[in-house]
(Lines give C-alpha, C1' and ligand atoms only; values in the text may rest on other atoms or scores of the structure.)
Protein backbone atom coordinates (compact mmCIF):
# COMPACT_ATOMS: atom_id res chain seq x y z
CA UNK A 1 0.00 0.00 0.00
CA UNK A 2 1.50 3.38 -0.92
CA UNK A 3 1.27 6.43 1.32
CA UNK A 4 -1.74 7.97 -0.40
CA UNK A 5 -3.72 4.76 -0.26
CA UNK A 6 -2.79 4.41 3.40
CA UNK A 7 -4.07 7.89 4.24
CA UNK A 8 -7.27 7.29 2.31
CA UNK A 9 -7.81 3.97 4.02
CA UNK A 10 -7.18 5.58 7.42
CA UNK A 11 -9.73 8.28 6.76
CA UNK A 12 -12.27 5.70 5.63
CA UNK A 13 -11.59 3.65 8.74
CA UNK A 14 -12.06 6.72 10.93
CA UNK A 15 -15.41 7.59 9.36
CA UNK A 16 -16.49 3.95 9.54
CA UNK A 17 -15.58 3.84 13.24
CA UNK A 18 -17.69 6.94 13.92
CA UNK A 19 -20.62 5.47 12.02
CA UNK A 20 -20.34 2.11 13.79
CA UNK A 21 -20.19 3.85 17.15
CA UNK A 22 -23.33 5.81 16.39
CA UNK A 23 -25.18 2.69 15.23
CA UNK A 24 -24.05 0.68 18.28
CA UNK A 25 -25.22 3.50 20.56
CA UNK A 26 -28.59 3.65 18.80
CA UNK A 27 -28.96 -0.11 19.11
CA UNK A 28 -28.11 0.07 22.82
CA UNK A 29 -30.46 2.96 23.48
CA UNK A 30 -33.47 1.67 21.58
CA UNK A 31 -34.69 -1.31 23.61
CA UNK A 32 -34.66 0.20 27.09
CA UNK A 33 -37.18 2.96 27.79
CA UNK A 34 -36.91 4.81 31.09
CA UNK A 35 -39.61 6.66 32.97
CA UNK A 36 -39.91 8.27 36.37
CA UNK A 37 -43.36 8.74 37.92
CA UNK A 38 -43.99 11.45 40.49
CA UNK A 39 -46.49 10.87 43.29
CA UNK A 40 -46.96 14.03 45.31
CA UNK A 41 -50.69 13.98 46.05
CA UNK A 42 -52.19 12.61 49.25
CA UNK A 43 -54.97 10.95 47.34
CA UNK A 44 -55.60 7.19 47.08
CA UNK A 45 -57.18 7.56 43.64
CA UNK A 46 -53.98 9.19 42.36
CA UNK A 47 -51.88 6.43 43.91
CA UNK A 48 -53.93 3.79 42.11
CA UNK A 49 -53.70 5.77 38.88
CA UNK A 50 -49.90 5.87 39.22
CA UNK A 51 -49.76 2.09 39.66
CA UNK A 52 -52.15 1.55 36.74
CA UNK A 53 -50.03 3.84 34.57
CA UNK A 54 -46.79 2.10 35.45
CA UNK A 55 -48.32 -1.36 34.95
CA UNK A 56 -49.67 -0.35 31.53
CA UNK A 57 -46.20 0.80 30.53
CA UNK A 58 -44.78 -2.59 31.54
CA UNK A 59 -47.50 -4.45 29.63
CA UNK A 60 -47.10 -2.29 26.56
CA UNK A 61 -43.30 -2.29 26.34
CA UNK A 62 -42.42 -5.49 28.23
CA UNK A 63 -41.29 -5.38 31.86
CA UNK A 64 -37.69 -6.13 30.85
CA UNK A 65 -37.63 -3.37 28.22
CA UNK A 66 -38.38 -0.43 30.52
CA UNK A 67 -36.93 0.98 33.72
CA UNK A 68 -39.67 2.40 35.92
CA UNK A 69 -39.07 4.42 39.05
CA UNK A 70 -41.83 5.84 41.22
CA UNK A 71 -40.81 8.74 43.47
CA UNK A 72 -43.16 9.66 46.32
CA UNK A 73 -42.76 12.92 48.20
CA UNK A 74 -44.79 15.58 49.97
CA UNK A 75 -48.37 14.46 50.59
CA UNK A 76 -47.62 11.48 48.30
CA UNK A 77 -45.41 9.89 50.95
CA UNK A 78 -48.51 8.31 52.53
CA UNK A 79 -48.58 5.86 49.60
CA UNK A 80 -45.46 4.19 50.95
CA UNK A 81 -46.42 3.83 54.61
CA UNK A 82 -46.64 0.24 55.85
CA UNK A 83 -50.33 0.68 56.56
CA UNK A 84 -51.25 2.45 53.31
CA UNK A 85 -54.45 1.23 51.61
CA UNK A 86 -52.33 0.48 48.53
CA UNK A 87 -49.51 -1.35 50.35
CA UNK A 88 -50.19 -4.55 48.39
CA UNK A 89 -49.74 -2.69 45.13
CA UNK A 90 -46.44 -1.23 46.33
CA UNK A 91 -45.06 -4.66 47.07
CA UNK A 92 -46.46 -6.09 43.83
CA UNK A 93 -44.91 -3.25 41.82
CA UNK A 94 -41.43 -3.77 43.27
CA UNK A 95 -41.75 -7.52 42.61
CA UNK A 96 -42.53 -6.76 38.96
CA UNK A 97 -39.22 -4.89 38.68
CA UNK A 98 -40.22 -1.31 39.42
CA UNK A 99 -38.14 0.78 41.80
CA UNK A 100 -40.17 2.71 44.35
CA UNK A 101 -38.50 5.33 46.51
CA UNK A 102 -39.53 7.64 49.32
CA UNK A 103 -38.20 11.17 49.88
CA UNK A 104 -36.26 11.31 53.16
CA UNK A 105 -36.75 15.09 53.38
CA UNK A 106 -40.50 14.57 53.44
CA UNK A 107 -40.16 11.78 56.00
CA UNK A 108 -38.18 14.04 58.34
CA UNK A 109 -40.83 16.74 57.95
CA UNK A 110 -43.60 14.29 58.78
CA UNK A 111 -41.59 12.54 61.56
CA UNK A 112 -41.67 9.22 59.72
CA UNK A 113 -38.91 6.64 60.11
CA UNK A 114 -38.11 3.62 57.97
CA UNK A 115 -39.97 1.54 60.57
CA UNK A 116 -43.18 3.26 59.45
CA UNK A 117 -42.66 2.43 55.80
CA UNK A 118 -43.35 -0.45 53.41
CA UNK A 119 -40.32 -2.78 53.57
CA UNK A 120 -40.23 -3.18 49.78
CA UNK A 121 -39.20 0.41 49.04
CA UNK A 122 -35.95 2.33 48.71
CA UNK A 123 -35.01 5.84 49.77
CA UNK A 124 -33.62 9.01 48.22
CA UNK A 125 -32.44 12.11 50.11
CA UNK A 126 -34.74 14.46 48.16
CA UNK A 127 -37.55 13.35 45.86
CA UNK A 128 -37.53 16.39 43.59
CA UNK A 129 -33.76 16.23 43.12
CA UNK A 130 -34.10 12.54 42.20
CA UNK A 131 -36.69 13.42 39.53
CA UNK A 132 -34.48 16.23 38.20
CA UNK A 133 -31.53 13.84 38.03
CA UNK A 134 -33.53 11.24 36.11
CA UNK A 135 -34.74 13.84 33.62
CA UNK A 136 -31.14 14.95 33.18
CA UNK A 137 -30.25 11.35 32.36
CA UNK A 138 -32.88 11.30 29.63
CA UNK A 139 -35.71 9.56 31.48
CA UNK A 140 -39.27 10.52 30.57
CA UNK A 141 -41.26 12.18 33.35
CA UNK A 142 -44.88 11.40 34.10
CA UNK A 143 -46.88 13.23 36.73
CA UNK A 144 -50.17 11.27 37.02
CA UNK B 1 -3.43 20.20 -7.64
CA UNK B 2 -0.81 17.88 -6.18
CA UNK B 3 -1.58 14.86 -4.04
CA UNK B 4 -0.97 16.54 -0.68
CA UNK B 5 -3.08 19.56 -1.58
CA UNK B 6 -5.84 17.22 -2.70
CA UNK B 7 -5.88 15.42 0.65
CA UNK B 8 -5.91 18.72 2.52
CA UNK B 9 -8.73 20.05 0.37
CA UNK B 10 -10.69 16.83 0.96
CA UNK B 11 -10.30 17.17 4.71
CA UNK B 12 -11.44 20.78 4.63
CA UNK B 13 -14.42 19.83 2.46
CA UNK B 14 -15.30 17.07 4.93
CA UNK B 15 -15.25 19.47 7.91
CA UNK B 16 -17.21 22.07 5.92
CA UNK B 17 -19.84 19.45 5.04
CA UNK B 18 -20.23 18.52 8.69
CA UNK B 19 -20.59 22.18 9.68
CA UNK B 20 -23.11 22.88 6.92
CA UNK B 21 -25.12 19.84 7.95
CA UNK B 22 -25.21 21.01 11.56
CA UNK B 23 -26.31 24.50 10.55
CA UNK B 24 -28.99 23.16 8.21
CA UNK B 25 -30.30 20.90 10.97
CA UNK B 26 -30.41 23.80 13.44
CA UNK B 27 -32.29 25.93 10.91
CA UNK B 28 -34.78 23.10 10.34
CA UNK B 29 -35.29 22.44 14.04
CA UNK B 30 -35.71 26.03 15.22
CA UNK B 31 -39.08 27.07 13.80
CA UNK B 32 -41.19 24.07 14.89
CA UNK B 33 -41.85 23.75 18.61
CA UNK B 34 -43.48 20.55 19.83
CA UNK B 35 -45.49 19.99 22.98
CA UNK B 36 -47.58 17.17 24.38
CA UNK B 37 -50.28 17.95 26.95
CA UNK B 38 -51.44 15.31 29.41
CA UNK B 39 -55.06 15.25 30.55
CA UNK B 40 -55.55 12.66 33.29
CA UNK B 41 -57.99 14.38 35.63
CA UNK B 42 -61.75 13.86 35.52
CA UNK B 43 -62.36 17.54 36.03
CA UNK B 44 -64.02 19.92 33.56
CA UNK B 45 -62.02 22.89 34.88
CA UNK B 46 -58.79 21.04 34.07
CA UNK B 47 -60.06 20.17 30.62
CA UNK B 48 -60.80 23.83 29.91
CA UNK B 49 -57.40 24.81 31.30
CA UNK B 50 -55.72 22.34 28.93
CA UNK B 51 -57.55 23.83 25.93
CA UNK B 52 -56.74 27.38 27.07
CA UNK B 53 -53.06 26.42 27.49
CA UNK B 54 -52.85 24.83 24.07
CA UNK B 55 -54.66 27.73 22.39
CA UNK B 56 -52.31 30.23 24.05
CA UNK B 57 -49.34 28.30 22.73
CA UNK B 58 -50.79 28.48 19.21
CA UNK B 59 -51.46 32.21 19.53
CA UNK B 60 -48.00 32.90 20.95
CA UNK B 61 -45.96 30.81 18.53
CA UNK B 62 -48.26 30.67 15.49
CA UNK B 63 -50.44 27.61 14.84
CA UNK B 64 -48.19 26.53 11.95
CA UNK B 65 -45.03 26.84 14.05
CA UNK B 66 -45.92 24.36 16.77
CA UNK B 67 -47.07 20.74 16.89
CA UNK B 68 -49.53 20.22 19.73
CA UNK B 69 -50.79 16.84 20.88
CA UNK B 70 -53.23 16.34 23.73
CA UNK B 71 -53.26 12.87 25.27
CA UNK B 72 -56.22 11.95 27.48
CA UNK B 73 -56.11 8.89 29.71
CA UNK B 74 -57.37 7.63 33.04
CA UNK B 75 -60.08 9.88 34.48
CA UNK B 76 -59.18 12.37 31.72
CA UNK B 77 -60.78 10.16 29.08
CA UNK B 78 -64.17 11.73 29.84
CA UNK B 79 -63.00 14.85 28.02
CA UNK B 80 -63.14 12.97 24.74
CA UNK B 81 -66.56 11.35 25.04
CA UNK B 82 -69.09 12.43 22.43
CA UNK B 83 -71.31 13.91 25.13
CA UNK B 84 -68.56 15.69 27.10
CA UNK B 85 -69.37 19.27 28.22
CA UNK B 86 -66.26 20.39 26.29
CA UNK B 87 -66.99 18.46 23.07
CA UNK B 88 -67.16 21.70 21.07
CA UNK B 89 -63.68 22.63 22.22
CA UNK B 90 -62.33 19.20 21.22
CA UNK B 91 -63.64 19.61 17.69
CA UNK B 92 -62.45 23.23 17.51
CA UNK B 93 -58.97 22.23 18.71
CA UNK B 94 -58.55 19.52 16.09
CA UNK B 95 -59.76 21.97 13.41
CA UNK B 96 -57.05 24.41 14.51
CA UNK B 97 -54.42 21.75 13.83
CA UNK B 98 -54.00 20.08 17.22
CA UNK B 99 -53.92 16.30 17.48
CA UNK B 100 -56.08 14.88 20.24
CA UNK B 101 -55.81 11.23 21.16
CA UNK B 102 -57.54 8.88 23.58
CA UNK B 103 -55.84 6.02 25.43
CA UNK B 104 -57.32 2.70 24.29
CA UNK B 105 -56.17 0.99 27.50
CA UNK B 106 -58.31 3.38 29.50
CA UNK B 107 -61.23 2.90 27.12
CA UNK B 108 -61.11 -0.88 27.57
CA UNK B 109 -61.01 -0.41 31.36
CA UNK B 110 -64.04 1.86 31.25
CA UNK B 111 -65.87 -0.23 28.62
CA UNK B 112 -65.88 2.61 26.12
CA UNK B 113 -65.86 2.03 22.36
CA UNK B 114 -65.07 4.44 19.54
CA UNK B 115 -68.84 4.87 19.11
CA UNK B 116 -68.89 6.62 22.49
CA UNK B 117 -66.18 9.08 21.56
CA UNK B 118 -65.88 12.43 19.79
CA UNK B 119 -65.45 11.72 16.08
CA UNK B 120 -62.68 14.31 15.73
CA UNK B 121 -60.12 12.42 17.83
CA UNK B 122 -57.45 9.80 17.22
CA UNK B 123 -56.35 6.83 19.30
CA UNK B 124 -53.17 5.47 20.86
CA UNK B 125 -52.77 2.04 22.46
CA UNK B 126 -51.44 3.48 25.75
CA UNK B 127 -51.55 7.16 26.70
CA UNK B 128 -48.55 7.11 29.03
CA UNK B 129 -46.38 5.31 26.50
CA UNK B 130 -47.38 7.92 23.89
CA UNK B 131 -46.27 10.72 26.24
CA UNK B 132 -42.99 8.91 26.99
CA UNK B 133 -42.38 8.47 23.26
CA UNK B 134 -42.98 12.15 22.56
CA UNK B 135 -40.61 13.20 25.34
CA UNK B 136 -38.02 10.84 23.89
CA UNK B 137 -38.44 12.62 20.55
CA UNK B 138 -37.69 15.95 22.23
CA UNK B 139 -41.22 17.25 22.71
CA UNK B 140 -41.90 19.44 25.74
CA UNK B 141 -44.33 17.98 28.27
CA UNK B 142 -47.04 19.99 29.99
CA UNK B 143 -49.29 18.55 32.65
CA UNK B 144 -51.97 21.25 33.28
CA UNK C 1 6.53 28.32 8.38
CA UNK C 2 5.71 27.33 4.81
CA UNK C 3 2.24 27.25 3.37
CA UNK C 4 1.75 23.52 3.85
CA UNK C 5 2.85 23.58 7.47
CA UNK C 6 0.61 26.59 8.06
CA UNK C 7 -2.46 24.76 6.74
CA UNK C 8 -1.67 21.70 8.81
CA UNK C 9 -1.15 23.79 11.94
CA UNK C 10 -4.42 25.61 11.28
CA UNK C 11 -6.30 22.34 11.00
CA UNK C 12 -4.77 21.08 14.23
CA UNK C 13 -5.61 24.34 15.98
CA UNK C 14 -9.19 24.10 14.73
CA UNK C 15 -9.66 20.58 16.04
CA UNK C 16 -7.99 21.51 19.34
CA UNK C 17 -10.32 24.49 19.71
CA UNK C 18 -13.35 22.31 19.15
CA UNK C 19 -12.12 19.82 21.74
CA UNK C 20 -11.29 22.51 24.29
CA UNK C 21 -14.69 24.13 23.76
CA UNK C 22 -16.46 20.84 24.34
CA UNK C 23 -14.49 20.20 27.53
CA UNK C 24 -15.08 23.72 28.82
CA UNK C 25 -18.78 23.40 28.10
CA UNK C 26 -18.95 20.06 29.94
CA UNK C 27 -17.14 21.60 32.91
CA UNK C 28 -19.51 24.58 32.89
CA UNK C 29 -22.62 22.47 32.47
CA UNK C 30 -21.98 19.93 35.19
CA UNK C 31 -22.25 21.98 38.39
CA UNK C 32 -25.34 24.03 37.49
CA UNK C 33 -28.63 22.16 37.63
CA UNK C 34 -31.70 23.90 36.20
CA UNK C 35 -35.32 23.30 37.05
CA UNK C 36 -38.60 24.99 36.21
CA UNK C 37 -41.59 24.53 38.52
CA UNK C 38 -45.12 24.92 37.24
CA UNK C 39 -47.81 26.32 39.50
CA UNK C 40 -51.20 26.11 37.80
CA UNK C 41 -53.51 25.18 40.69
CA UNK C 42 -55.52 27.70 42.69
CA UNK C 43 -54.70 25.91 45.89
CA UNK C 44 -52.67 27.29 48.80
CA UNK C 45 -51.47 23.82 49.79
CA UNK C 46 -49.99 23.37 46.31
CA UNK C 47 -48.33 26.78 46.49
CA UNK C 48 -46.66 25.86 49.75
CA UNK C 49 -45.63 22.50 48.33
CA UNK C 50 -44.01 24.26 45.37
CA UNK C 51 -42.02 26.52 47.70
CA UNK C 52 -41.03 23.56 49.89
CA UNK C 53 -39.90 21.64 46.81
CA UNK C 54 -37.84 24.50 45.47
CA UNK C 55 -36.27 25.18 48.86
CA UNK C 56 -35.34 21.52 49.26
CA UNK C 57 -33.64 21.60 45.88
CA UNK C 58 -31.60 24.63 46.98
CA UNK C 59 -30.65 22.98 50.28
CA UNK C 60 -29.72 19.72 48.57
CA UNK C 61 -27.70 21.12 45.68
CA UNK C 62 -26.61 24.50 47.06
CA UNK C 63 -28.45 27.70 46.13
CA UNK C 64 -25.57 28.79 43.87
CA UNK C 65 -25.46 25.44 42.05
CA UNK C 66 -29.00 25.43 40.71
CA UNK C 67 -31.17 27.79 38.67
CA UNK C 68 -34.77 27.65 39.83
CA UNK C 69 -37.66 29.29 38.04
CA UNK C 70 -41.26 29.13 39.21
CA UNK C 71 -43.88 29.85 36.55
CA UNK C 72 -47.41 30.61 37.73
CA UNK C 73 -50.30 30.62 35.30
CA UNK C 74 -54.01 29.81 35.11
CA UNK C 75 -55.54 29.38 38.57
CA UNK C 76 -51.96 29.39 39.93
CA UNK C 77 -51.65 33.14 39.25
CA UNK C 78 -53.27 33.83 42.63
CA UNK C 79 -50.02 32.77 44.30
CA UNK C 80 -48.35 35.91 42.97
CA UNK C 81 -50.95 38.51 43.92
CA UNK C 82 -49.77 41.15 46.39
CA UNK C 83 -52.33 39.95 48.93
CA UNK C 84 -51.74 36.21 48.51
CA UNK C 85 -51.53 34.19 51.76
CA UNK C 86 -48.05 33.07 50.65
CA UNK C 87 -46.75 36.54 49.66
CA UNK C 88 -43.98 36.32 52.28
CA UNK C 89 -42.74 33.10 50.75
CA UNK C 90 -42.71 34.63 47.26
CA UNK C 91 -40.49 37.48 48.44
CA UNK C 92 -38.29 35.11 50.44
CA UNK C 93 -37.87 32.80 47.45
CA UNK C 94 -36.76 35.60 45.12
CA UNK C 95 -34.33 36.82 47.79
CA UNK C 96 -32.81 33.33 47.90
CA UNK C 97 -32.07 33.54 44.19
CA UNK C 98 -35.13 31.93 42.61
CA UNK C 99 -36.84 33.58 39.65
CA UNK C 100 -40.61 33.77 39.94
CA UNK C 101 -42.69 34.80 36.96
CA UNK C 102 -46.35 35.41 36.24
CA UNK C 103 -48.09 34.64 32.95
CA UNK C 104 -49.30 37.87 31.36
CA UNK C 105 -51.89 35.98 29.28
CA UNK C 106 -53.51 34.75 32.49
CA UNK C 107 -53.35 38.24 34.00
CA UNK C 108 -55.18 39.73 31.02
CA UNK C 109 -57.83 37.00 31.29
CA UNK C 110 -58.33 37.71 34.98
CA UNK C 111 -58.09 41.52 34.56
CA UNK C 112 -55.00 41.73 36.78
CA UNK C 113 -52.38 44.42 36.34
CA UNK C 114 -48.84 44.63 37.70
CA UNK C 115 -50.22 46.87 40.45
CA UNK C 116 -52.11 43.85 41.80
CA UNK C 117 -49.03 41.67 41.96
CA UNK C 118 -46.16 40.97 44.36
CA UNK C 119 -43.41 43.48 43.55
CA UNK C 120 -40.70 40.80 43.76
CA UNK C 121 -41.79 38.90 40.66
CA UNK C 122 -41.07 39.02 36.95
CA UNK C 123 -43.34 38.50 33.95
CA UNK C 124 -43.50 36.31 30.85
CA UNK C 125 -45.92 36.73 27.95
CA UNK C 126 -47.18 33.12 28.18
CA UNK C 127 -46.46 30.76 31.06
CA UNK C 128 -46.76 27.53 29.10
CA UNK C 129 -44.49 28.78 26.33
CA UNK C 130 -41.92 29.76 28.98
CA UNK C 131 -42.01 26.21 30.41
CA UNK C 132 -41.69 24.72 26.91
CA UNK C 133 -38.72 26.99 26.22
CA UNK C 134 -36.98 25.97 29.42
CA UNK C 135 -37.49 22.29 28.69
CA UNK C 136 -36.05 22.87 25.24
CA UNK C 137 -32.99 24.40 26.87
CA UNK C 138 -32.52 21.25 28.94
CA UNK C 139 -34.11 22.34 32.21
CA UNK C 140 -35.85 19.71 34.31
CA UNK C 141 -39.60 20.20 34.73
CA UNK C 142 -41.43 19.67 37.99
CA UNK C 143 -45.19 19.97 38.31
CA UNK C 144 -45.89 19.81 42.09
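The chains carry the letters A, B and C, assigned in the order they are written, with residues numbered from 1 in each.
By definition in this document, a residue touches a chain if its C-beta (ideal position, glycine included) is under 8 Å from a C-beta of that chain, and two chains touch if they have at least 3 such contacts.
These figures come from a predicted structure and were not determined experimentally.
Chain B and chain A are one sequence twice: same or different residues at the contact, by the over-half rule?
different
If you fit chain A onto chain C using the CA atoms, what's the rotation angle, as a multiple of 5 degrees?
So the angle, rounded to a multiple of 5, is 120 degrees.
Quick check: how many Å separate the C-alpha centres of chain A and chain B?
22
Can you list the residues of chain A that touch 2 or more other chains?
141, 143
Which part of chain C faces chain B closely enough to touch in the complex?
Touching chain B from chain C are residues 4, 7-8, 11, 14, 38, 40, 73-75, 105, 109, 125-126, 128-129, 131-132, 135-136, 141, 143.
Which residues of chain A touch chain B in their complex?
4, 7, 11, 33, 35, 45, 49, 52-53, 56-57, 59-61, 138, 140-144
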